[in-house]
């Protein structure tokens, strides 16, 4: 927190946030949204219980640069099937896709979980209890790389 | 408790009790001694920190029928080496030998521990937290078997 | 769904008998197993259970004898797995109350998907659902679960749409049912209107009352955890009392109130005491003199740490807090909480740790401690302010008042996903570890009451050397889940 | 052994400097590593440690800041194993104070056998000794342990014969030492006279005071657990105060008092408070105004249950009780207690569970609770009755008074193995979970005080429907180790 403005580009970056599927766990997502806003990003917060297509619709409408999906209740894998493909179909081939939370049912090996979500087309996956400072730092990195690349 | 007199023979049976070696754990042994006395046995209580040879001396002096050894601090195996042989040498070949407590260092498989103490010449070995009612019941059984046998 | 009742105007009044009969037959027709429900036969089955398997009776006895019962949560996707789980919780866990948590499809009334889930689970031999699909199995098969245990059983189903599940549950022999219109609608839904959630639970409560009219004393219970995240006791109690008024309006008389632990020994004890007191007071004032209103304490409902050892302390303290507070029962969690649904073994361990903690603290009461009394007084004033305002807004009708008050923020829930809730209130932990309110949103408290909150939180900001801003609330969400080296470091090293 | 001091008549007076010098050189000559001890060099080494590795400083800071530090027990048979253990406790366990428990041979001054034990352990690669043979390794090698950790270290050596071990320990850089003449002689020996035990610890305390005279503020500590088995707080505090008087007499000023938990939240809090109070009062009355006398709370010292889940509750409650009581530190156990010496991992877990429990209860104080005050008053009267009688019997000399009082039973220890102790006193738990005295033996209390004990215990016998006899005491020894289905069954089943 309090890092707003460090990266002069943040104000030009729009991020869509929300909790996917039938998942009501809004707390972490709301804290993340607040932190992203404080850090200077433009944030479009869709809230809990958001179907996959609503993320994409919002991303198109707001010409978003990234989508930040939360999933806590264990059914994230089902809810995210085909998510990247849907983005591509909607013309969002380059959009940054992050996901975070309790991404699977129960306690599983994180490296495996991460790989599974990369296969689903996410650029990055984050375990539960990830702190917002760390998310902001990684976003800066990834967007900086894009500007250079 | 309160089972004193149920077995008319108990009054004729003398038991030596004590905690073997450099072991100060007297509580269980004292509770056992009290319970045996209440149950009607004659009890010769040697207390804590009793060397092996003192058990045998006391057993000879009181013409005891059994020796009840306690060991809690983990070094029981060392302290009991050759205990049955010493009894035999002293002319106590038939004396009943029981031992109870935390008989080894740490948590080990009980069946193995029991076997080890049988090899050392004990008629029975008891894990920690054994209740005195159960000890009295087994004593009655074993002495009854002897009278018949 | 609840289309049937949408044309009845919302009120706290009892659903008329003929309307209710019609609503029931429409409801039961929604899935084949509904046809297995026969109220008279179900009443006979409930009455055939020994009293110690009837939660209504057990809760009353526990309250009389001053006991604190233990109850876990737990549900798996097939009858077989659920049966093994319930036996493990009954026997290995020594649970006094055995739960059946339903799966998410069931909660969302997606029984077709639940059916697929059952079939997949049976094929895979492991649970592909996150709970027991009670509607799909129906009451007759589900009775095997009741017969497999020697304790009373309760249905746990976090949803605003409980109508068919409760029909099946009561007919199957469950004697307890958790859920309520205000608590679940505000914490489990986004678009559902509060009115619709209330109506659905009025149906449920009316059904429970129908069993009572037939001589079966079922235990209804309100889920006091709401959003589970630093809900201040005044809000939890206010919602509990309002939900209880709505249940009483339908004829329910055996109604439990839950309270999530704040993890402050004195605040939690005061909350349990004040909750019982005010519930009786408001229910009596509304003309319900004969309510049984036991309080249940809930293990920490916010984020848990990743370290088993830390979790063990949370589990054990959960038992301590419940016992010291004089709760009639405690609902337990396990060391697996931060990761996922616990194994039966971890669940049973959480129960036993809690039970031992309850045993050790069963004699302790803090009611005569001046700090307890100060806190209880504060809490009474906060809670009365909220409830009185809600009832005022509804002209004495709890249902109407609640809808209006939530819309206006005069009743507010922190971290709610529901659009019809302001969710502007921001709780935070204060300098002494009490849960306070950093930003009340549109909640109105007396000036001196509000001042206590501000002053204690400013004191915390000062002591920690941080700004007095909303990050006090955010860090309070994280707090208990933080690793120990952040919570309590050895402070003098290099 | 202690032959040197046998011709000095027993008294609480300070050992004269020339006698002490002679005693020290005789003592150090008993084993080769004694030659490595050079007081001036050792003082320099102690002073070279950063303050956060000096327990004297750390205890004072913790008391000032109102912290409750954690400390485990632990010792293995080789330097390498001990080093790994201490690092694990420091890092994984986050211990604020890192222990070194010595092995039984070292405690019995059987250094030749200890040497064999080291060799066997090194051959086998696992510990064949139940602690660290500090004398055999000597101070220079042992300093590796001090250097391996970033916390202060304390020696734990339950023995009446500590003379050479303490010389090695202080020279090695240990800044804390647990042990005392009355507590250890009455609980760890059978034939050793109380006088001899006292003399040995007068030596130890004189040595600590010598370091202080050279500017090193070591922390001395009294082992308040005694026989660990239901020791009533009045007896524990009385012994603690008497041991403290003896230590002060030798010049010690930084002296901790330990108290084993009774597991009753209010009784333990009252005991910690009264212990601190009376210690200051008696020490000041004897002319020692400048004593630092922090109280340490000890996890349950009696028999533990076999079930891990129950043990977790005991561990966690141990942290709660210490924090609520305002103890300056807490000494922890683990879930392995009923079986054997814990693994480093189990030991570290016990530390973290305790630490989390301390964190959650750090704000709670019960001193204003009327029940606390009643209990504290009772405890003050009980304890004063014992201490006053002891001092009277010694004409003001704590050493002489203690020997006479123990002989006569005017000071008595339950379940003591020592012949010179009457051990007729029989504690038992009462109807409200307080530890009371069923049979006081020859302890004399005011009639109304004695009546409280009898009345509360009769009440328990009545409630349980058992005879009012000594089995109340025996069942109280078992109690906490009982399985849950005996402690708190579901009472209404078949």
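Labels A, B, C and D are assigned to the chains in the order they are written; within every chain, residues are numbered from 1.
The rule is simple: contacts are C-beta pairs under 8 Å (C-beta built on N, C-alpha and C of every residue); 3 or more make two chains touch, one makes a residue touch a chain.
The structure presented is a predicted model; accordingly, all values stated were derived computationally and were not measured.
> Considering only mean CA positions as chain centres, point out the chain farthest from chain C.
Farthest from chain C by mean C-alpha position: B.
> Any idea how many Å lie between the Cα centroids of chain B and chain C?
Computed value for the inter-centroid distance: 55 Å.
> Centre to centre, by mean C-alpha position, how many angstrom separate chain A and chain B?
Roughly 69 Å separates the two chain centres.
> Where the centres are mean C-alpha positions, what is the separation of chain C from chain D, in Å?
Once rounded, the distance between the two centres reads 45 Å.
> Quick check: what residues of chain D touch more than one other chain, meaning two or more?
none
> Which word fits the touch map of the chains here: line, ring, star, complete or other?
Chain contacts: open path, no cycle.
> So which chains actually touch one another? I want all the pairs, not just one.
Here the touching pairs of chains are A-C, B-D, C-D.
> If you look only at chain D, which of its residues touch chain C in the complex?
Against chain C, chain D makes touches at 50-52, 58, 61, 65, 67, 94, 96, 150-151, 263-266, 305, 307-310, 312-317, 319-320, 324, 348-364, 366, 368-371, 432-433, 484-485, 487-488, 490-494.
> Report the residues of chain D in contact with chain B in the complex, numbered from low to high.
That would be residues 104, 108, 130, 187-191, 227, 229, 303, 306, 336, 338-341, 415-417, 419, 470-471, 474, 477-478, 481 of chain D.
> Can you name the residues of chain A that touch chain C in the complex?
Result: residues 1, 19, 22, 24, 26-27, 30-31, 34, 47-49, 73-75, 102, 104-107, 128-129, 131 of chain A touch chain C.
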